[in-house]
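Going by the order they are written in, the chains are A, B, C and D; count residues from 1 in each one.
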Amino acid sequence: MASRFNKLFTSIKNTGFGEQASQQGDRLINRDGSFNVRKRGLGFFDQLSYYHAFVSMSWLQFLGMVTGAFFLINLFYASLYWMVGYDQLVGLEGTTNFQKFIEVFYFSTQTFTTVGYGKVSPVGTWAGLISAIESLNGLLGFALVTGLVYGRFSRPVEKIIFSEKALIAPYKGGRGLMFRIVNARRNQLTEVEVQVIASMVDSKRNNGMRKFYPLELEINRINMFAMSWTIVHPVDKESPFFDMTEKDLNESDLEVMILIKAFDDTSSRLIHVRSSYKYNEIVWGAKFVNMFDGVNDGKATIDVEKLGEYEKATLPTGIPETN
Amino acid sequence: MASRFNKLFTSIKNTGFGEQASQQGDRLINRDGSFNVRKRGLGFFDQLSYYHAFVSMSWLQFLGMVTGAFFLINLFYASLYWMVGYDQLVGLEGTTNFQKFIEVFYFSTQTFTTVGYGKVSPVGTWAGLISAIESLNGLLGFALVTGLVYGRFSRPVEKIIFSEKALIAPYKGGRGLMFRIVNARRNQLTEVEVQVIASMVDSKRNNGMRKFYPLELEINRINMFAMSWTIVHPVDKESPFFDMTEKDLNESDLEVMILIKAFDDTSSRLIHVRSSYKYNEIVWGAKFVNMFDGVNDGKATIDVEKLGEYEKATLPTGIPETN
Amino acid sequence: MASRFNKLFTSIKNTGFGEQASQQGDRLINRDGSFNVRKRGLGFFDQLSYYHAFVSMSWLQFLGMVTGAFFLINLFYASLYWMVGYDQLVGLEGTTNFQKFIEVFYFSTQTFTTVGYGKVSPVGTWAGLISAIESLNGLLGFALVTGLVYGRFSRPVEKIIFSEKALIAPYKGGRGLMFRIVNARRNQLTEVEVQVIASMVDSKRNNGMRKFYPLELEINRINMFAMSWTIVHPVDKESPFFDMTEKDLNESDLEVMILIKAFDDTSSRLIHVRSSYKYNEIVWGAKFVNMFDGVNDGKATIDVEKLGEYEKATLPTGIPETN
Amino acid sequence: MASRFNKLFTSIKNTGFGEQASQQGDRLINRDGSFNVRKRGLGFFDQLSYYHAFVSMSWLQFLGMVTGAFFLINLFYASLYWMVGYDQLVGLEGTTNFQKFIEVFYFSTQTFTTVGYGKVSPVGTWAGLISAIESLNGLLGFALVTGLVYGRFSRPVEKIIFSEKALIAPYKGGRGLMFRIVNARRNQLTEVEVQVIASMVDSKRNNGMRKFYPLELEINRINMFAMSWTIVHPVDKESPFFDMTEKDLNESDLEVMILIKAFDDTSSRLIHVRSSYKYNEIVWGAKFVNMFDGVNDGKATIDVEKLGEYEKATLPTGIPETN
């Protein structure tokens, strides 16, 4: 594993991020896992993924969008009926133009949703045509909504939460870079794999050039992700942080990039999650508070609210024992 | 395989279950494969997966839920029509308020399902608005139901059944830990992989601390899961059970955790199945009864009802021959 | 690869097929890839997969089933309306009972499909209730049909055809067991992997016991499956067929089982295909006819109808050169 | 990797493309990734994948097809109503046959979409039957459209663009074959793997026979495909291009085939992309222009329009340094 990584990440080019891309203060991966990158020259529509947007917005937003579109579309069709003349519709009872428009608007909704009470109905050729197209439009619209609804249902629902800070913590007589994750959903994740890559300007060794280092982990794969998981990079002789002080770390413009892969039982799909910590999101000399909350009703319990909690700790100066 | 396992499971931390989580009498994995864990501090909605619930309940429950929701929603809309006044609807024939409410309730169902006979229809502005919203609501509701129905269809339908007990059985001149599985569906599973992990307090070796041991299997992968499969862990010198007696086993608070991975031909998806046996679900000195039931009409036949059947057997004291 | 195979298949148990299952004349895998196995003791419903049946039948059968169900359901509801009395429906024009039943049947279809012209409509409480339930039923029915239609669309559409016979053919100065496959669809298959396993009673070596042998292949993986592929097992010193004559082969009750795995570009899914050849489907001393049909309009062309065509060929007595 | 490749591709047979398929001037893979192959003898329907066609056409085409089908189907049903006689429909107001046909056409659309105003409605047995079937037809049609719409949504939306030309460019003191790719969508691709295979007639070594060579790459896998990726095959001693001149290359009928595999975060699916460069799409002595466009608003920016831009460059005559 390590050797493959070393091959992949010794030079900046290999990550797909260019050298110039990594200026002081920028991050390559946002905390929500998206890439902090812009592509110029692509058309607006090329870049947008409407489907993805509709599928990942909240249900409230989604219902709002659908309802809004519903009213706008009916306003449009009501205007069309008005343009061809209200005499092409029978059954209107209103006497003023406004009253009639309201009635025609409702007739439009009855056509779009295919309710079609028939109290009002088209008699003229144009109104007949418009209402035929509108009902087709309505059915296509609801085919679309049905597709989006299922899309919302079927995508993996994982929500892996990361501790707010990463820590340089005491570890086996030495120190380790640690962060903690928990699965905030009830779906069951298995075969979880983690890769961690450090991107930093290491003034001591590389003449101020930015380099990428894969970080060796204590464990990079667990079979079942039932509780929380503290991911640990032991700061041993192989670590790029081996001889660094707190000051070095802050000046290195360090970004710790995290790639997680897991199998989601509920959706039977592989999921990928990314995040990153910048140097100012890493606390020097601290350790995480225990999340375990005893056994209640025969169930091992963890307190998710303590995920990010840590306390000051003195760092040993030795090298972590590796077994 | 073994070496990777050993790396992963030598210490308790590595499974994602904390040390304290494993007190006497608790199990980590329930027999249905869910984790026996509670996460505090997550909101109620964060943890729930409605989609998963609706997709995994029985068809009877599902139809009951849908029908119940249908009547409640129509009751709600019928009340709205009542609130804006029955004079906003034409075509009602009832004379008492109760008769009218029944009629309005049916009008509501005709709107929600978009049948819209038109015998009763809205004339006032408020009734028009409510019925427009109700028909939109109806279509969204059925988009939802359609999505759920497809979700129910498309998820893998595997049902791997485990023998009720695991056995310490005679095996090749020595003994083996055995359990038996069968695929209770007609879908065809291929590339089936099994991992077995023992979680136990081994008083002889680890000062009463709980440890996790991956168990070596006679075979851990089969290409086709057509009949039944007896999974065997040979109790040889490498086995954590090597020098244990029946009494040791019962005092070890043993839990044998099983992780199965397979490819489901019907849904073209990978599936993961879990289960576990606690020490009191393991029978010392027994062997499984043959499930094979001869060849009938040219088809090899097994009797699934015999899956869990076993009979007493004397255990040899030797070490299983491994080839 | 070979070593893993050897481990998996040296004994009968390892395939998941029991020893007794392999009596003379039975095949383990049918030519269509299903297992030739019966499981007793499972309930009728446990074993059936309705979804799979509806998704894999022909479109003609599917439309027939849907139309048939449509008419039966409406017959049922028409009978319900008849039972509560035709006076609960207004708008009927028929004078005889039969005429009225026809009208009510059509009213039922208009309710079930939610057309709801309103020419006939319910007035009584019972007819109102029945029509409310029927329209809900209709919508649920079409949610079901929509789910099935999408299920039919989205499953992989691969259709790998096998040559009718396998051949013992001349191969590199010796002989080889060969069969030929082609992808009969326009979808593009990549990363195709093949495993071949022989199940036979080898009277010379194993006292008449049935054994399973993985067969080494000349190539067991191709990156692109664009044309046809002749899969070759060289009969060299490692082959279980090395010293067998045509007569030995016929007496061995040989079954050559084939497992194919590929990635289907169109559905973005992994597919698995199985088939098998029994000893009487293997031709001794023959070779396949070339399927290549020249370059037409700049496209390399193969003639799929020649897939199974072969001609007599003299078998060399040497050992195939392996490089 | 290399060794496996060498095994797979040393002879022409191994790619699934026959020897004869590779005549001068043909390409095996089209630039859009499809195979340049024709299969004779398959039925028209066997080869077509309607679903694939409907799912991959543009939205405009799709809506056009649906609308066209809608009008044709209604024309068909309107003709049926005409054939059974307009006296089986009540509510028609037209006086000429043409006027009536228009009305009946609209009645048909109201039935097909299940709007069913009821202004016109069937009274006769035949019109009742036709309208019952038409409404069923309409619902099945929209089940179909809903399935197709979701199919359009859920397929991976990747659009990897290749530089128009591949280059023989200066590389680490020697030369390299290079091409450049970018992901033109906003979806995030991870775990991108590339395989490159050269198909050529190497007159110096193989007596003019076509051979397939896997090409070693500087890097064949990146974890994140956030920006652009220049894929490089170093022309070192192992390269089939090592002692070739520009003239040799043009006479070799070279085709460079590219297979890309990646994980698409948005659809949670694996995707496969193919393309190829023929000898006349490879520029000798040129290098790519930098696409990096500075950091704007804290985002590293690349200019996608420069993907294919290159400039003349002198090729060193040395061998690339490999580390």
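Throughout what follows, contacts are C-beta pairs under 8 Å (C-beta built on N, C-alpha and C of every residue); 3 or more make two chains touch, one makes a residue touch a chain.
Just so you know, these numbers come straight off a predicted model, no measurement behind them.
Note: Cα superposition of chain A onto chain B, rotation of 90 degrees, nearest 5. At the interface between chain A and chain D, under half of the residue numbers appear on both sides, which makes the contact a different-residue one. Between the chain pairs B-D and C-D, more C-beta pairs are in contact across C-D. Distance between chain centres (mean CA atoms), chain C to chain D: 27 Å.
One simple way to say how far apart two chains are is to compare their mean CA positions; for chain B and chain D this gives 38 Å.
For chain B, residues that reach two or more other chains under the stated contact definition are 110, 114-118, 142, 146, 150, 154.
The touching residues of chain A, counted against chain D in their complex, run 7-8, 10, 13-18, 20-23, 25-26, 28-29, 33-42, 46-49, 51-52, 90, 110-111, 114-118, 121-123, 125, 128-129, 131-132, 135-136, 138-140, 142-144, 146-148, 150-151, 154-156, 195, 197, 259, 267, 269-272, 274.
Those residues of chain C whose C-beta lies close enough to touch chain D in the complex are 63, 66-67, 70, 74, 93, 102-103, 106, 109-110, 113-119, 142, 145-146, 149-150, 152-154, 157, 159, 182, 184-188, 190-191, 219, 221-230, 263, 265-266, 268, 292-306, 323.
Against chain C, the residues of chain A that register as touching in their complex are 114, 116-118, 146.
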